[in-house]
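Two complexes follow with chain A in common, the first pairing it with chain B and the second with chain C.
After this line comes the complex of A and B, so read on.
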């Protein structure tokens, strides 16, 4: 059965491996993936541990439904204390690694200590071996996967790897698998690098039992029809997440030249349809019919002829609007480079954009950049900066430290120009016209984050009746809900609902593009309940799943509080309040966030969460979730 | 009227759902490595090729079988294995030019596509149409249309180039 997969504890310092079964009670409580990840992090890391020291833990967790007939259940979740923020480090990716790790017999890995030299883990049908990775060190994320396949003589091996950015402890380095699947945010790659852990490779042939095979097949077909009949999926099948750009830039919801405008004109070259001309097709993650990964060859320049995958929406900002560039070549090359180096495309672009604004303001000069002309729109400089960050050369060495540490090193008033929350940069989105999305980035457990709680459908002007149907299930809600994205009322609940929606699929291992993220008719708690039953036999109600997601989110909050987070960190950069938007459609032009109303929103958000005014979960809440005895050390 | 599986590797996104559903249908478990279809990839070069039985008219697997364990299902046209007769010598694996004859280590016998008795799950679940189950009578027309589309594109380019040249 899918529920028989084990957990392994790997001590890299002493080179020991222990395995254990996972109690069914914990499965029911936390499901798997991000849920058990957070349980393990809260239980296994000593409070206050150095994120880049041996006391941090590196967690690898497959979602509960990975490898089953739940559509798009290919996500592997990674965690640890973030070297970027000092709070929750947590990220997931698709590809093919998660099902392979399950086929190899494991759901969760707890990796502790530090190896005395580079190593990788080799997981194969119930066994885990710590192997020498000296020959892999220095190789990029994709070549490392190929080298492991060649070394072990098996083309079906799937690996999670770090690139040189992780080796160089770039604080926003990723863990990668396949060509471009990246557990991108919060710098998990640097945790691995600090442990001398280059890769985790898996290959397995152990059956994953399906509780009700025929019904699960039919239901999978039903879900696929539900997902692929949505217009948003049809668009994603062609353009991937790039399609979002068409709407957001047209409306005026992107940040341009760091944060100096909210719309970039004359950017035809980086429109999704323009980039589509370079595509040779799309690729899908395990079992997914949305296949949103673009596939292309770079044409011209030093990387000509290189095969790459992507780019995602994020890279259009990172190597486009944010850095004032409108060249698809820069986007395509930049995307390829961050994937090779294993570096968060979003944080990379944001750091460069910030440095460019400092350069424009004279806070950084050519003296600081060794002659690198960091003027907005300088395509060559953007690519050079990417290289310098990954290798920690020149100004790249400072930018590789992430927002707050870099601002401290550069000094003056450079911190004023950072678009970050809790030390993590924001997506290239501009939330000044959208209070709901502002609240989402201000409160998200990872920092400025569009994938923890973004109620993106708030932008769709859906009728209140439809909103009630979505946001009133599986937990009743009779407070205000409005169709106008400029409103402050009712939005805190949307953010909380979305936290639970994303939390649920992160625990199950399902991709967010199969949820009410971008399409209101996508599968939801009811469907997940049925999927869990048909595939694993576990009977969990939609509300049970919601509760698991809430446990996960609450543990993240508890972890952050334990590591010193305070209420004032649930806040936005000053520019959100002080500088109104200057472009875009009339509905978004001249907008900024109102401090007083925003404070009330946060109060309301805490109240709905049953957290106190300081953002600390109340005792009764912890008791009702069964979290009053954490850490409980059951695993 | 018999049907046949048609593979268009250009449409394959490499998601391997076909492997997953094939294994559940035939073995009642999820295990892509026990499927009758395999998506072979050169991942870092962007090459994706589905490998499955072509149900050859003059099937080498049938020809090489020393005990005549392989026969054609008159209804579906699939080449099927009679496990009561099969001696497990795996000569069919050697003979198949496509590598479409697989081996199931759990039951210690060779496995191959049996078209799921006329409702192949791989084709049922393949959203992109990379795997289709079509009437044999329309097979030629499908390829003709694809070839013609490519030719039409060339012709358009040529005529455009001529008209632009004045």
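After this line comes the complex of A and C, so read on.
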């Protein structure tokens, strides 16, 4: 049955593999995916370990519902200590790898040590083999997958791979699968590169074993109707996640030229409808009916004829608004390159945008960039900078270090222009008009992050009655909630609720676009409770699922505290407070965050979490979640 | 899960969907655009939107009619002196 998958401990230094069963009590507490990864990270990594040293761990975990009859259950979660921030390293992606790993008999991999030469793992029907990867080293993320299939003679093999960015220890390199599915944030690719781990390949034919297959199939049909009938899904089927741009740039909620404006007018060429003209169709992940992934060939220029997939919404900012470019060609080429190299599109664009502002202000000159003209809007320079970062050449070698290390190397007052939290850059969004989203990025466990919490429906002006229905389930909440996204009151709870919503699906392995992220009527805790029962046989109430998500988030907090995080890191760059927005609709224009009100929001956020004033979880809270004895070394 | 949720989640949800309309991003009232229109002006507030159609009967805002909306915003901002909250 679905719960009988195993965990494997792989020591790359000694080339040993051990396997074990997963106690059902740990399943119930942490579910799978991100939840069990956080348990494993907190238990298996020595405090203070070097993120790029053999003491770090590389974790690979399938969500609890992966490969079952639950819709969009394709997510694989990866973890370790982040080489970018020094705190939680955590990222997940869709595609087809996660279900394949489950079909091959494993839910979780704990990879330790460092191989003496490049290797990859081959997982096949209950066996794990450590194989030579010398012939794969130096190849991009997609070619490596093809080479593995050719070597092992099976076109159905699915692989997670790093590209040259991971090999070169770019601190925001990804682990990739398929053409563009990227476990993108916090630099997991560099962890793999530091261990000489090029890939993990899987192929399996072991029955998942659905607990109640007929009922699960019927119920999933209902879920599919619920999801695909939503306007947000129908729009994504045509425009992918890029569709969000129509609202954000129109309103004035994107960051432009690093952080110098909040709207890029007349940029018709990078609007999703314009980019969609280049598409030859869409593709989807395992078990998903939305199919939001664009497919295209690059036309013209040195990459002409290259097939690629995407771009996602984030790349419109990374190679568009943030760098002051309004050419879809730059977006499409930049998207292809970061996927090929295995680099976080968001961090790459942010680092280039930051360098461009430093160039504009004279902090960086052509002497520093070896003649590269890093002026905003220079399309060729953006593409060249992507190449230099991946190969650690020229100014790219500094930018590859990520925000804080790069600022330290460049010096002067360059740090003032970084748009980061805890050493991780922000999405190309501007949260100055939206206190809820500001709080979300300031407090997120990974850094400036839209994927730990994003109460985006705060922007929808929903009536309080609807907000109460959403944010009052499965944990009752009778505090303030308001329809005005400019308000500070009530928003801390929205941030926490969304943390648990995202935490839950990250533990289950379901895509966030199938949740109350951008659609208030999408599946929620009630639906997940039923999906878990029908597919695995586990009886978990919506509140039980919430509790699992909270355990996961609390362990992330404990990990960060153990690695030196302090309250002052739950904060925003000064520009959020000191530089009001200059464009957009009246409701967002002239907005900045109020320091005093924001401090109170953080106090309220900690209080609702039952953390003390320093952000440390209280003893009673840990006891109520059953975390008071961690690390417990049960697995 | 309550009985009502268990029975008809998908059907109730589908019934509650609105189609053929979109919300004005300034006043948040629903607008019905003429079929195939490339732009329309909100009858409630006067903001003008460029429209795209992700399916034949389903419009969405592609972007603002820049000059119109910028002029309106400047006027509103001047009248409200920043519209601070």
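Just so it is clear, the second predicted complex is superposed on the first by the 635 of 635 C-alpha atoms of A that agree within 3 Å, B and C clash if a C-alpha of one lies under 4 Å from a C-alpha of the other, contacts with A are read in each partner's own complex, and residues count from 1 in each chain.
Convention: contacts are C-beta pairs under 8 Å (C-beta built on N, C-alpha and C of every residue); 3 or more make two chains touch, one makes a residue touch a chain.
Here the structure is a predicted model, which means the values were calculated and not measured.
Student: Of the partners chain B and chain C, which touch A:521 in the superposed model: first, second, both, neither?
Tutor: It touches chain C, and chain B stays clear.
Student: With both complexes overlaid on chain A, does A:77 touch chain B (first), chain C (second), both or neither?
Tutor: neither
Student: Examine A:34 and indicate which partner it touches, taking first as chain B and second as chain C; both and neither are also allowed.
Tutor: neither
Student: First (chain B), second (chain C), both or neither: which does A:68 touch?
Tutor: First partner only, chain B.
Student: If you stack the two complexes on chain A, which partner ends up touching A:255: first (chain B), second (chain C), both, or neither?
Tutor: The answer is neither, since A:255 touches no partner chain.
Student: Regarding the shared-chain residue A:281, is it in contact with chain B (first), chain C (second), both, or neither?
Tutor: After superposing on A, A:281 lies in contact with chain B but is clear of chain C.
Student: A:146 in the overlay: touching chain B, chain C, both, or neither? Say first, second, both or neither.
Tutor: First partner only.
Student: Is A:208 touching the first partner chain B, the second partner chain C, both, or neither of them?
Tutor: Only chain B is touched by A:208; chain C is not.
Student: Please give the residue numbers of chain C that touch chain A in the complex, ascending.
Tutor: Residues 1-2, 5-6, 9-11, 13-14, 16-19, 25-26, 28, 49, 52, 54-55, 58, 60-64, 66, 69-70, 73, 76-77, 80, 82-85.
Student: Taking the complex as given, what residues does chain A use to touch chain C?
Tutor: Touch list, chain A to chain C: 222-223, 225-226, 229-231, 234-235, 237-239, 243, 246-247, 249-251, 265-266, 268, 271, 273, 461, 484, 486-487, 521, 526-527, 529-530, 542, 584-587, 589-590.
Student: What part of chain B is in contact with chain A in the complex they form?
Tutor: 10-11, 13-17, 20-21, 24-25, 27-34, 41, 43-46, 48, 105-106, 121, 124-125, 127-128
Student: Quick check: in the complex, which residue numbers of chain A touch chain B?
Tutor: Listed in rising order, the residues are 2, 67-69, 96, 99, 103, 142-143, 145-146, 155-156, 178-179, 205-210, 213, 216-217, 220-221, 224, 228, 280-289, 291, 295, 297, 307, 309.
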